[in-house]
Structure formats: C-alpha cells, structure tokens
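Below, subunit A partners subunit B and then partners subunit C, in two separate complexes.
== the complex of A and B ==
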C-alpha cells in the first residue's frame, strides 16, 4: 500500500487488494489519515471507520527463497527476523510475527501468504520497497500483506558503504505491514535534478530513506512507537499514556492536512499527527505524561501523496506556528483541546 | 569611690554583652548602677523601655515556638534549554537541530506560613508551607522555518512547598538589645506543582539555603503570645524534579517578609 523511497520520492502505490468474499464498502480513500498519533490507515464500512490492523497474532510470513540484490535468502530472512523482533521489542505495543518458511512465490501474489522478497523493478528507479495488503473491508482486518524490495538497487546487511541497509528498509516496510502510515517528522531539501534528499528524520516511518550505507533507521523512534502502540496497545498502556487533541485554524477556519508535532522538552521525544478533516481536527495519542510544546507546519518535506491518499484540499499555505502554551498530558487521559492558530505564508 | 566606679563599668559591660548575645534580660539594678557611675551617660535619656522580661517569657528561649506568616516572592529561574534533534542522514553525524526551546519560571508572589521550635538559644527547627501561583513560559529559537522565533505568553503553574529547615541564630550579630536576631537556615522539602488545567501534577524536592533577620517588637508580659515581630529572609531555592526542560534542577532566589509571633 505504501512505499519506501530512495533519496527522491515515493512511488506509485499498489492498490489495496480486496478480499473478494466480503462485501466491499467504500474505503476512505484507501489511506485515510490518522485518528491517533502518527499515521495509521482506516477503512470506512457504512458509517463506521475501522482501523486497518491485524486482528490475530503472530503474523505468519514467508520469505522468498532467492538471492537478489547481493543478498542471500538467508540474509534476507535474518534481516526480516531482526526487524520483526525490533517491532516486538516496542514496550508499549504488543505485536508478534512468525517465520513460516521460504517460498518460491513472489511478493504481491494473491496466494493467501504474507510474503517478503526481492523483485527486480528497474522501472521504479526511486523505490526501494513497497508493501501491500489484503484486507477485510468490513472489519479493517489485515489478512495478508506482502513486501517487495527492489533488487535493482545495491543492498547490504552490514551497513556497507554505497549499499542500502536492508534491515532499515525492512523495518520501515514491516511497519507498514502492521498498519502504520508515513511519518512527517523529518527535513528534506530539493535536489537540483528533481525530488528530495533527506537531511534528517526522527521516525523510521519517514517516507524518504537515508542514503546508502546509513544504518541509523534500525531503531524505532518515539513517533514510531506511539503509532504502533496506538494500533496494538499493550495491556495497561492506555492508562499510562495520554492524548493531545485539538485543531489547527487559520482565520477561524480549520486547516486540513497540517502536520502537528508534540515535543517533550524533558525527553526530547517527538510524536506527530495530522489534521484529518476540514475542521482541522487532530489527535496525538500514546504520549508519555508530561508537558509538551506543539508545533504545526505544512507538509512540505515530501510529496503530499506520501501521506494522504487523496491530497485534494490539503492546505500547505501557512507558516510554521507554535501553540502559545505548553500542553500537559496526564496519565490515562487527555489534555483539554487546544487550538493552534496559523497564518498564511 | 574609684573602685565602685570601676565595678559599675564592669557591670555595664556585662549587661551590654548579654544584650548583644541575644539575651534580652538585663537586670534593672545593673542599668541603674551603670547610669549612676557614668555621669556623662546619665545625661542621655535612658532606653525607652528596658527589657525586663523573666526568662520564661523571652522570645527565642529553648523549648519555645514561633509562628510566622509571610508574603513570599519567588524570583525567576531557568528551566533549561532543550533541542528537538533529528537523526542526521550522515551516519554518526551530529544531530540536526530542528528547533530549540528554553523554559523559564517568571517571578511570582505567594504566601509562606512557618512554625519554628527553638531547640536551644542558637538552633531551631522550622516547618513551612509555601504556596505560589507561578508562571512558566517558553521561548523557541533556531527554527529555520520560523526565523523570528516564538515566545509564549506564559501560563500558570501552582506550586506548593512543604519544607523542613534547620535555623541557626547568629547570636553575636544580634542587635537592638537582642530584639534583632539574624539567622541562617537551610533545609529541604516536598515540591508539588499543578499545571493550569489541573490535569498534570509534578512532584519533586525543594532545597533551600539562606538567611534573614527577625526583629521582635514590644514583648508582652501576659498571654500566650510572648512577643510579636517582623521577619524577612532571603534564600536560594533549588527545585528538583518539578517542571524543567532538561530534568536538571532549577535555581531561583526567593525573599519572604512578614510577621512572627513568639510563644
């Protein structure tokens, strides 16, 4: 469903494959922005909105049995296993995955197996990998998810210079597999030849990869952890964490698609969310109790469709702004709703 | 005659010493002898009201209590500076500073109530409660997308201290025949901060060190209250564990001024 790109942008998404035996009801654009911190997907079923997530664990997955991109099947399986273990190690969430075995099948086959492997897609010259889902459109349950890594690029499992770090990319894509969308906590700059180069990021789920040879994205950041635990909260975590909600407005009107980041000055943690409707409403959940600064910015460090399946109406015509008060997040509750006022550029 | 005069001077010196030492009870006969033996001094008016309280009613005596109520000014303090740092695209490179935020406590005025117990003429223990409606604010800088920076208007943070202190009277420095009693003090306590929305409580410790002076006004010969007086003190407060951008302790000055009643 989402893709991970190399220095320059994202790529055409694979559409969501429908579970044929179920009644297909309209999906909210495929990738509706988050109801909680970070970015997650939702599916609309009648009047209900369901989070796109796995309902049963462990997630059973296969790995393709072919070497590609300079990586053996065993090395690929090792990187995949480490990435799943990393997600399983997020203390505030509860997920698990189980390696079933190697398979000759390709990723993105509708075969009932969640398969991770290489495909050679030199035509996708800015795409390092992609994830797609098979979902139950009534319940939002993910029933199958495949990931492909583009063997047109050089890969490494040891952080070799000039090669992309497979484990970092697997971690990003398996984040999608669990239902996470893209994070916007990062800075990029435009490249002369088009596209963008990432300068820095503070989320594994930032849509643009670090350069070849960089292994920094092997560890989830607070934003990633908040996203995962919003989907799969460990027992008790709801009572231990809190929520900030509110709206972003300009001239009294809601701003759609604003990126709002909560910053905890004491821990340095950054957790983001987006305004999800014309009223400019946002919610950032799974925050550690404490005082937060809120920063609102337009989404301008990657293409809008890296974050929104339907970017129409997304407003980027405003300046960065801070909420004029620190927001106190209590345990197990929500801070009073805030309003962040922005002005046009 | 010369011998009697010498004795009188010696007695006067003793009286002066005891007053300077904070013992307010000079014997009236000593005062008379001193006045009689020194004609030059006798031309001066006598002290308006010599302190003649019995030892059992002297403020500051061992085993006695003192209660005070003060207005308390808490000075500004830095809550530290924190940076929002992103992981750089350069492996092992220096973190990319997205923006910086500096936290500040603004000065505020609160109230302080204390009760002290005099262990000896020099040492006392004191318990105090302080309430201060403090204000905190933050200043954002180094945000490349907001070059002007941002300063928040500030928001309320209700602070409560429950303190225990050791007070040492500086007896050699007392003045006004023992009515003025300088002291130094130090102690620690419990810090509780309640954010404006009352949705978050932060707790920690408060440490303080400082000094001041108590000046006892006219002593009372009867009643439970032996004397009323004025007190003022200055101190350095160290908040630990409360609101801070870095988790580090916050230093700020404080001054209290009020009234004291000696029992």
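== the complex of A and C ==
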C-alpha cells in the first residue's frame, strides 16, 4: 500500500486568501477551492513498504553543457544551483546536493549519472520539465534521477515576460528529485474561448505551471517544506507535531482517493492527506498542535494519472463535505479517529 | 553503469499499486485544446503493455497496444500502438513521473499526437487520457476524470466537488468531443476562407455540417456561427461512430 504523508502547511501572507476562502466555504457549505498537500512516493517489496528517497547525501549531479531555449549552460547551472540551495535552506529538513560538472550526456539516459539539462522531446508536448527516476525497489533508494527541461519552450532566468521562469521549474523538478510528489494547493480557471490557467498556488510542487513570466514559484511554501521534512526530517521534528487519522465514507462505505484537508483557523495552517484504500482510511501527519477543521473533497479537476499510480479505483463522485466539529491535535500524538461522511454529486 | 550498480540488488518488486504520486510541470489544457491538438482521438481497450529499451538501450519506454473500438477524430485503423515513457524491464524500473500507465484490459479514450516516424503519444503526458470506469451507483460506465471545457464567452473558476461537473457516459463524452472537432473544422475552414489564395467557399463548412448527418439525409443550411454549429451538433450522440479514413494518418502508421 502506498502511504501519503501530508504534514503541516502554514500559510504566510499569500495564505490569507486561502484561509478566507476555506472559512467562507465552511460557513456556506458550498463548493470549495482545491487544496491539497504534497505526496511522497513509496515502493512495495514483498510485504514491506519503503519510502522512495535518497539514502546518501550529497546528491551528486551533472548539468548538460549545451545552451537551449535561450539559456546558456552556465545560466542553467546557476538556476539549478540556486534551486538546490533553496531546498537545502529548508530548516526542518536535511538535504544536500553537489554539482559535479558539465556533461555532454543527455538527461533520461540510464547511465548512473543524475543529469539535468534541456532536451527536444516532441512527444512531451505541454511538458515544461520532467523528472525520471531509476530506483532500487527493494529499499526504495533512488539511485539516479534525471531532469529534462523542454527546449521547445522559451525560457528565462530573469523573469522575462513571455518566457517561462527556469528557476521555478527547476525548483519543482528538484523537489521531485528528492522524492516529493505533487501538491495540489493551487487553483485554476478556464479561460473564455478555451484554455486553462493557474490563478493561485501555495506549493512549488503544484503540477501546473504558472503562465510565462511569472516567478512566484521560486520559493518553497510551508507545504513544500513540510513534505521535504517528512522525507528527511531534522531531528526532533516528529516529537513536535501530531496526527489526525480517520475515514471518509459514503453510505457507510469507504471512499478511495478522497482528499482531506485539515485547516487551523488560528494559525492558517493547511494540511492535506488522501484516503489510501477501499476502507477510506487517511492519515494526516506532522500537524502543529491545535484545533483543525476537516474537509473532504474529490480530485475531480485533474488528470488522475498525475496523482495516482493506479487511478482506476479513485472515487471522484462526491461533494465537498466537512467534519461536524473541530479536531484537537496534541503534541507528539494523535487525535481520536474521525469519520467524514460525503454524499454523491 | 547503473545497470551494473544495481545488478546485485535483490529482484525488483513493482511500485505500489495504489496512489504513487507523479511529478511533472505541465502547461494545462482543457478538452477543447486537447481535441484541437489531437491527430487522433480513439476509444479502445488496451490489449498489451510491453516495456522495451529505447534509443539504443539508453532508457526504457513502454509500448501500449490498443484495440480501437471507434474514432472520434482521425483514424489509425483497428489497432494502435502508443509509446509512453518509462517501464519495467527485468530488474530495472524506470519511472517517468507524470507519464500515464496502462494495464491490459484498460478501456480508455486517448487523445494522441503524432510525430513521425515515432509512434503516437498521449497529448500532454497524461492529460490526454480519459478512462472508462464503472459507476457503482448506476452500474453503467462513465468517463473519468470529468472533462473541463472552457466557456466561449466567460472565465470559469474550477471548483472541486462541483455537483454540476459529473463524469459523463461515453456517449455524452463522445458527443462533446465530436462537437468540438466539428466546430474546429468549421473554424479552420473559415480561417482558410479568409485567405484569398485558399478560398474555397463553404466547402469545409458544408463538410462539417454533412459530417453531422452520417445517415445521408440532406443537409440543411450551413450554419452561420460557431454557436449555431454547436447547437446543431447536439444530435451527434444518436449517430453511429464516424470512421473517417485519413490517408495521411494511415501513411504515418504504415511508416512505423
């Protein structure tokens, strides 16, 4: 079984909007904006489940020695270095990476070298960047991870209008390199006449890119930081936080793939988790002690393959619902199990 | 070499079956954009999934063989081979986060791109994948995820759990896609008509309109607006699936 772990998300200034939205929805009982925390990978080996992660630091990486998309090799390396430094700066986690050098090799070659660089891949249309792993599925250890950036798009390292911000995309992909999955703390809208665009995101790991020219995804949000610290925790983090667990049910039956959001109105913390089995069980870990409002929502606005390895059993046929009372989370422990009941659309 | 490095590792188990996250930054598309961009839109069932070395054993890719039931756009014949990144070969598992995964027996509608001589690929990595699943409430089959379709005239915020956005039946979904494809043909024809060099008055419009009448009944007036086209095309769900031999696409397929 794959385990999703979603620690605390604190919302800084930008989170005020989310907080307000969530409260408004809670009061009205209407549909809510999407909110989701990060996910991490796991691998199964027999009866054991291992978290997909690096076992040795620093992660040693290469950068391709070619210019593309308006970006020189040095500029690419600079953006990559800044992104790794940003992740290394997350105070609740411990990760490190080391630039080995430039290489003529391509990303996505299974050659034992973690390589980041531009590629032309017509078959990866609409993909700005992607990360590829080779893994030891016995231990969950990542042994190689390559990142490609699509040379078909216009890029910039200075936030130039009409060009995608390379550093933002590098930060997202290097988050994957460390083992983070996608967050869905983001909101989209459909444009008049066709097309979809992101209008807000509170996670670097949100899978849909901001429009070209936007540089706001250069800084990890609390959700991203919590994800990283879940994989590579600083000593003492676990004892400082608590957990909410429970079930999402409809007509007494468990709901698979429901997204559950815990929201602390006092601090603005948003925390997410998924129900991970047919019983509708979920666990939301790494919560700051406090009182939380819980909401369950379907992931009915996304391509499910982007979030689930096997999306066939994922249920999206229900309305947003709230737990009928606040849940108190103790420090270093778990709140009593809860049940959130949903109804069909 | 990595293969040497992990050769001694105990045999691989597969990734957990449920819920592993994916990992790619994409430019999002709504259904209209997908339908416009697709060379082919096919409904069918996966009959085989085979991983293989790609690019001279430099990486792993998976070839998906699809038994086509019908086409909503274009035509690749009764069987379609699709290439998706990643896969598992022996003791090696290559994961391209964000890439779709398929299993034998999966029933899907795929929006495919083509870049000859390579095999077709799913548009937008996994954005072009719509799966047919059983609806326990009705016992019928529905398409998931429910498609997102932009309004012609207004911005629409996407809200999770919106009770108005439900998973359509295959027939409803197919109708919606055909509507978009037909409207796109009309639009394309109009744009070509604006060019003096390529002006072919009303031919494409008439084709699009006639295409909505596979029973051969006389066509009515050629609609004057895209909105009218859309309204007219609402009857498409009652029509049999339209198979449009596409010589160029077939040639591509044979090139493989």
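Just so it is clear, the second predicted complex is superposed on the first by the 299 of 345 C-alpha atoms of A that agree within 3 Å, B and C clash if a C-alpha of one lies under 4 Å from a C-alpha of the other, contacts with A are read in each partner's own complex, and residues count from 1 in each chain.
In this section, a contact is a pair of C-beta atoms (placed from the backbone, for glycine too) under 8 Å apart; a residue touches a chain by one contact, two chains touch by 3 or more.
Being a predicted model, the structure only gives us computed values, none of them experimental.
Per the definitions stated earlier, placing subunit B and subunit C onto a shared subunit A by superposition produces no clash, and the two fit side by side.
Contacts of A:125 after superposition on the shared chain: subunit C is touched, whereas subunit B is not. Residue contacts after overlaying the shared chain place A:297 against subunit B and subunit C alike. Within the superposed three-chain model, A:345 lies in touch with subunit C and out of touch with subunit B [touch as defined at top].
Residue contacts after overlaying the shared chain place A:310 against subunit C, while subunit B stays out of touching range. One of subunit B and subunit C touches more residues of subunit A, and that partner is C.
By the touch criterion defined above, A:226 lies against neither subunit B nor subunit C after alignment on the C-alpha atoms of chain A.
Legend: residue contacts after superposition of the two complexes on their common chain; A:187 is shown touching both subunit B and subunit C.
In the superposition on chain A, contact is made by A:289 with subunit B only, not with subunit C. In the overlay built on the shared chain, the residue A:319 is in contact with subunit B and with subunit C.
In the superposition on chain A, A:197 makes contact with both subunit B and subunit C. The gap separating subunit B from subunit C in the superposed three-chain model is 5 Å, by closest C-alpha atoms.
According to the touch criterion, the shared surface of subunit A, contacted by subunit B in one complex and subunit C in the other, consists of residues 187, 197-199, 297, 319-320. Of all residues in subunit C, those touching subunit A in their complex are 1-3, 5-6, 9-30, 32-33, 36-37, 58-60, 83, 85-86, 92-101, 106, 113, 115, 118, 121, 123-127, 129, 131, 133, 135, 137, 144-146, 148-163, 165-167.
Against subunit C, in their complex, subunit A makes its touches with residues 1-2, 4, 31-34, 38-46, 49, 106, 108-112, 122-139, 143-144, 169, 172-173, 176, 180-182, 187-199, 207-209, 256-257, 259, 274, 276-277, 297-314, 316-320, 344-345. Against subunit B, the residues of subunit A that register as touching in their complex are 159, 185-187, 197-202, 210-211, 213-217, 221, 263, 265-266, 268, 270, 289-291, 293, 295, 297, 319-322, 324-326, 328-330, 333, 335-336.
The residues of subunit B lying in touch with subunit A in their complex are 80, 82-91, 95-96, 98-99, 101, 103, 136, 138, 140, 143, 145-146, 150, 152-153, 155, 195-197, 199-200, 243-247.
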